[in-house]
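Next up: the structures, one after another.
Two complexes are shown next, each including chain A; its partner changes from chain B in the first to chain C in the second.
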Partner chain A sequence: MTVAAARPLLEVQGLVKHFPIYEGLMFSRRVGAVQAVDDVSFSIQAGETLGLVGESGCGKSTTGRLILRLIPPTAGSIRYDGVDLQALEPEAMRLKRRDLQIIFQDPYGSLNPRMRVEDIITEPLVIFGEKPGPALTKRARDLLETVGLASFHAKRYPHEFSGGQRQRIGIARALASHPKFIVCDEAVSALDVSIQAQVVNLLQDLQDEFKLTYLFIAHDLGVVKHISDRVAVMYLGKIVEVADKRTLYRQPLHPYTQALLSAIPVPKPRARRARMVLKGDVPSPINPPTGCRFHTRCPYAKEVCREIEPPRIAIATGHEVACHLVKAG
Partner chain B sequence: MGRYILQRLIQAVPILALVSLISFSIMQLVPGDAATLIGGPSATPAELQAIRENLGLDKPFHVQLLKFYAGALQGDLGRSLLLGKPVLEATIERLPVTISISIYAMILTLFFGILAGVIAALRQNTWVDQTVMTFALLGVSIPNFWLGLMMIVLFAVHLGWLPSGGYIPWQTDLWGWFRTTTLAAVSLAVLQMGLLARITRSTMLEVLRQDYIRTAKAKGLPKHLIVGKHAMANVMIPVVTIIGIILSVLISGSVVIEAIFSIPGVGSLLGNAILRRDYPMIQGGLLFVAGSLMLMNIVVDVLYVYLDPRVRYDRGK
Partner chain C sequence: MTEASSNIGYAPELDETPPQPWAFWRTDTFQRLIRHRAFMVGAVLFAIVALVGALAPLITSVDPNALSIRNKFKPPSWEYPFGTDNFGRSQLSRVVYGARLSLGIGLGVLVLNAVFGVLLGAAAGYVRKLDGPLMRVADAFMAFPAILLAIGIAAALGPSSMTAVIAISVVYIPRTARIVRASVLVVREMEFVQAALASGATHYRIVRKHVLPNCMAPLIVQLSFIFAYAVLTEAVLSFLGLGAAPPAPTWGNIIAEGRTYMREAEWITLIPGIVLAVTVLSLNLLGDGLRDVLDPRLKVQQG
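Moving on, here comes the complex of A and B:
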């Protein structure tokens, strides 16, 4: 293996996103900020799927959008294939979007109601210089078949499809420009469980076929376990634990990860297991707790957790945890 | 689609009948009488009676009304008392004037209204936005007859750039038409422009927040395509609804504006008819205006099908 091949496809360093909050009708002033994403770092190897999990509002989707520069970050760097995306001119970034795609959570809102499915799918190709015509129409039809729809669906409008079908259109659209990296932002959360499985399998088949790299954002640990190679757990804008799938599910070290995993329903009604139920709500990201952000709900919290923020340390190869209670070695 | 249009046209008939019933009743309740106006102050009671009998004004209300309906169904809206010619002919004669000015005002409204709204939305909360919206509010607040008078004072009296009134048909002299109609069209358009700018702005802001706009950005579309193609296509849907309303306001506004600028259009025809109690002219004219407005609204509703693929009139049952 050469050095270049070992370099991760995507490398996120110290990513921060604070949404300012303004108050006052006439003379608004900044009164604070929602710390949606706070010092997030991770990397994804080519061909790998990184699962990003956490509760609603923990900053997962914001992270996904920051990576694609759909919203500007407050700080931090995003390197894709060695290129700092932050430093790119808008036009250069626009051209990069060919390689970086996203599948959105809401299959209803994310498709333009005024466009036919084939136009939705071929539009990225046309703007990247391909000539509209029969060849392109055929591509759209092939893509529809790839995602399990029929080619005669191409002439229809989004409102004529069900949620699951629309999500497939969203996937076909994301695949159209032959991207290398796709952010799946809660791509299956809005779907029925039976459809979820189909779409997840579809994503895996497509990954094998087109050598795709995924950042798979979800709140459902079961789905993430199925598709991911590695999993990162987010809590209140921070990544608290990263490990390869097997290690994380077998031996979670961070108390929050343990709580999340114990909440997964098990299809054995008589199975006895220790449930770890978290008390209270997620604190406000406007005024996050000091020290470890999880200390307000952590059953093992100590004095040090309230005061000092735990650094993320490597426990084993590829297993990193940010907790005072977990010691290296 | 053909069936839908036919349905709408048939529905229009009872509405038009109701419109003329109302205008007929009001006319009967108002004191004053066409015979005295036609006969003049020197006419004797016998002469007045003769005029009434001649015009059928002595007949009972329902007879007059039924006679009017019977005529209207055959395309005969009666004969103007003052002009001495058929109402339909008098209206159609003046129609090109009003239509050309309305189209002129409509183009001004659409162009500047939508442009201002889009610019304000794209520059939301900047000085550009605030300036544009201040002018839009001003446009909505200024009465059009006052604006017309003020523009006559400025452009015709003081600066002498444009004539203060009159009308030159575009068929004979396009530049002359342009000069005589501009002030009238602008005073008609300003209110609508303000309205349209405000609606376009808020619609555009709403559309720009939609998920599919984010999708378009993620696709790698340049900004001018995101706004010009993806957003505008969806902004136009509510805007077309407003255009239907604007049309009706333009027509009613033309009564006052044509009087101010002494333009011989349908508006001034109706205005004069009202002032001089020319009953058949008012009746016929109102029916004509109501009919054309309904027709235009049908056109607008049909346009929806082309603008919004989710709208279907024929299917769905």
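Moving on, here comes the complex of A and C:
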């Protein structure tokens, strides 16, 4: 893929989200902030899939929601197709939402239990003024068939479906308004492995068919490897390494990425390999470590890591790492 | 095969049974309700009282306010099944028409509570800035004992059945609003609300289509209890002379008028008292049943 070819479809610059913590009931004061996302930048080319991986609580989902402006960022800019989404008036943003969609993690919580499947999946269309009628019903049935369900499912309620089927309904809803960009927020994490494979394949087929661009958020590196073109690794609100899939999985440079990759189970019981096991827990994002945020758990940490935050530097074309121990060239 | 219908990858289990059209009596909720014994007892009792009230002119042809001094203080007999009072009025007619008045007032309170409780509760739960102010006002109202507040409002507005409706509603609306707010706070954080937001839904649409329909169960349960409290409070207000003006046959009025003659003609107070108690009991049973079935957090195992 030629990187310099065109303007990226999505460009995130210096994205920051701090959730303030208040104390006291009547006269509350701000006592701190959860630094969920801190200075995150990346870009996604049209038609590409960027995998975003990291441990629980590292800010992956928050990043996804910030991009869709479901929560307001503390700082930073999000440019979609050259338009700064933050600068849009609420109404203009609402109209932009046709192009940007999201698939949620929880197939049980993401469908309104009081609505029929056909009303759920055509809601994005009804919102933008399409009138209920035979055309809309037909569209609902087509969408259901596109995601591998049957058209006679349209009249049913969400509780009549299994988790995997519900996730397909969620995908059908995300496709309804012909979006160009979809955030898959742990879209397969809640599913059984066999169903995961089906849904991941479905997402890939849909990408080819409708020329979609994905931000694929997950904590399962195997799934990310399968679907992504490029992968960004997040740790405690920061992106520590970005590279195209092949490079990242073959030659991870950041110690955290190395640790993550060595944790992927290998389906060979007798295989021996060097496991890199991290000690301790993820530090609290309320009071993140100074310098490199990973230094408290990094087996190679040096003095400089404790004091100075490493900048993200390009090691090779498209391969960026934020680590003092990795030198350019 | 058209492009859109290219079935990608996945064969759904093919149970082609066409889904039957939705009908309330086919739902699981309804099936559980009719198997709930307490609910059915309450529902049947309440249905009887409500029917009697609604069909009052068909049940008794005697005007509840027709005086007949010659027949005063008649104990229950074939001619006067519930006896007569100190003016010789047929107690049967008075109690039957009383059902109409009392339940009418209860229904008025119910409707006002549903409308304003939902509006205020949704506003407080969905709009963060309104939550604090609205709930502090609700706290202020709820700091008064219910009966005392109702008496105060009814006394300030002057006695009539309309005042009774308003006074009782004002007492219970903060409580309803609180319950709606609590549900809204839970539902607004659910992912399908985020999904609607991401699809470009307006806040009005989100509240109406996504939040409120999922807050109905606790509201329905609460309203059934409010109906019971309203009937009871109305009886108290008219007993104290703050409800509908005296010749009107509300249960509270009948009991108030009969209490002077309790020793000589106990049926005057006893019968409307029993009817009132049965009505309130039936609504409480009904509410308990609804809560068991609709509110899964309080679900109890039924043997």
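Everything below uses one rule, namely that the second predicted complex is superposed on the first by the 324 of 329 C-alpha atoms of A that agree within 3 Å, B and C clash if a C-alpha of one lies under 4 Å from a C-alpha of the other, contacts with A are read in each partner's own complex, and residues count from 1 in each chain.
Assume contacts are C-beta pairs under 8 Å (C-beta built on N, C-alpha and C of every residue); 3 or more make two chains touch, one makes a residue touch a chain.
Note that the coordinates shown come from a computational prediction; the quantities given were computed from them, not determined experimentally.
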Label the relationship between chain B and chain C on chain A in the superposed model as either fit or clash. clash
May I ask you to decide whether A:L206 touches chain B, chain C, both, or neither, giving the answer as first, second, both or neither? second
First, second, both or neither for A:Q198, with chain B first and chain C second: second
Let me test your reading of the model: by the given contact rule, A:D142 touches which partner, first (chain B), second (chain C), both or neither? second
Chain A residues touched by each partner, larger count belonging to chain B or chain C: C
Between chain B and chain C, whom does A:Q167 touch in the aligned arrangement: first, second, both, or neither? neither
Using the superposition on chain A described above, determine whether A:T49 touches chain B (first), chain C (second), both, or neither. neither
Just to be sure I read the superposition right, which of the two partners does A:H153 touch: chain B = first, chain C = second, or both, or neither? second
Could you look at A:Q35 and tell me whether it touches chain B, chain C, both or neither (first, second, both, neither)? neither
Which of 7-15, 205-213 or 295-303 in chain C clashes with chain B after superposition? 205-213
After overlaying the two complexes on chain A, where does the chain B footprint on chain A coincide with the chain C footprint? 68, 70, 94-95, 97-98, 101-102, 104, 106, 109-115, 123-124, 127-128, 170, 173, 177
Applying the document's contact rule, which stretches of chain B touch chain A when the two form their complex? 210-212, 214-222, 225, 230, 233-234, 307-310
Which residues, counting only chain A, touch chain B once they are in their complex? 68, 70, 94-98, 101-102, 104, 106, 109-116, 123-124, 127-128, 157, 159, 170, 173, 177
Can you list the residues on chain C that touch chain A in the complex? 2-12, 14, 16, 18-19, 190-192, 194-202, 205, 209-210, 213-214
Residue numbers of chain A touching chain C in their complex, please. 65, 68, 70, 94-95, 97-98, 100-102, 104-106, 109-115, 123-124, 127-128, 142-143, 145-150, 152-153, 155-156, 165, 168, 170, 173, 177, 198, 201-202, 205-206, 209
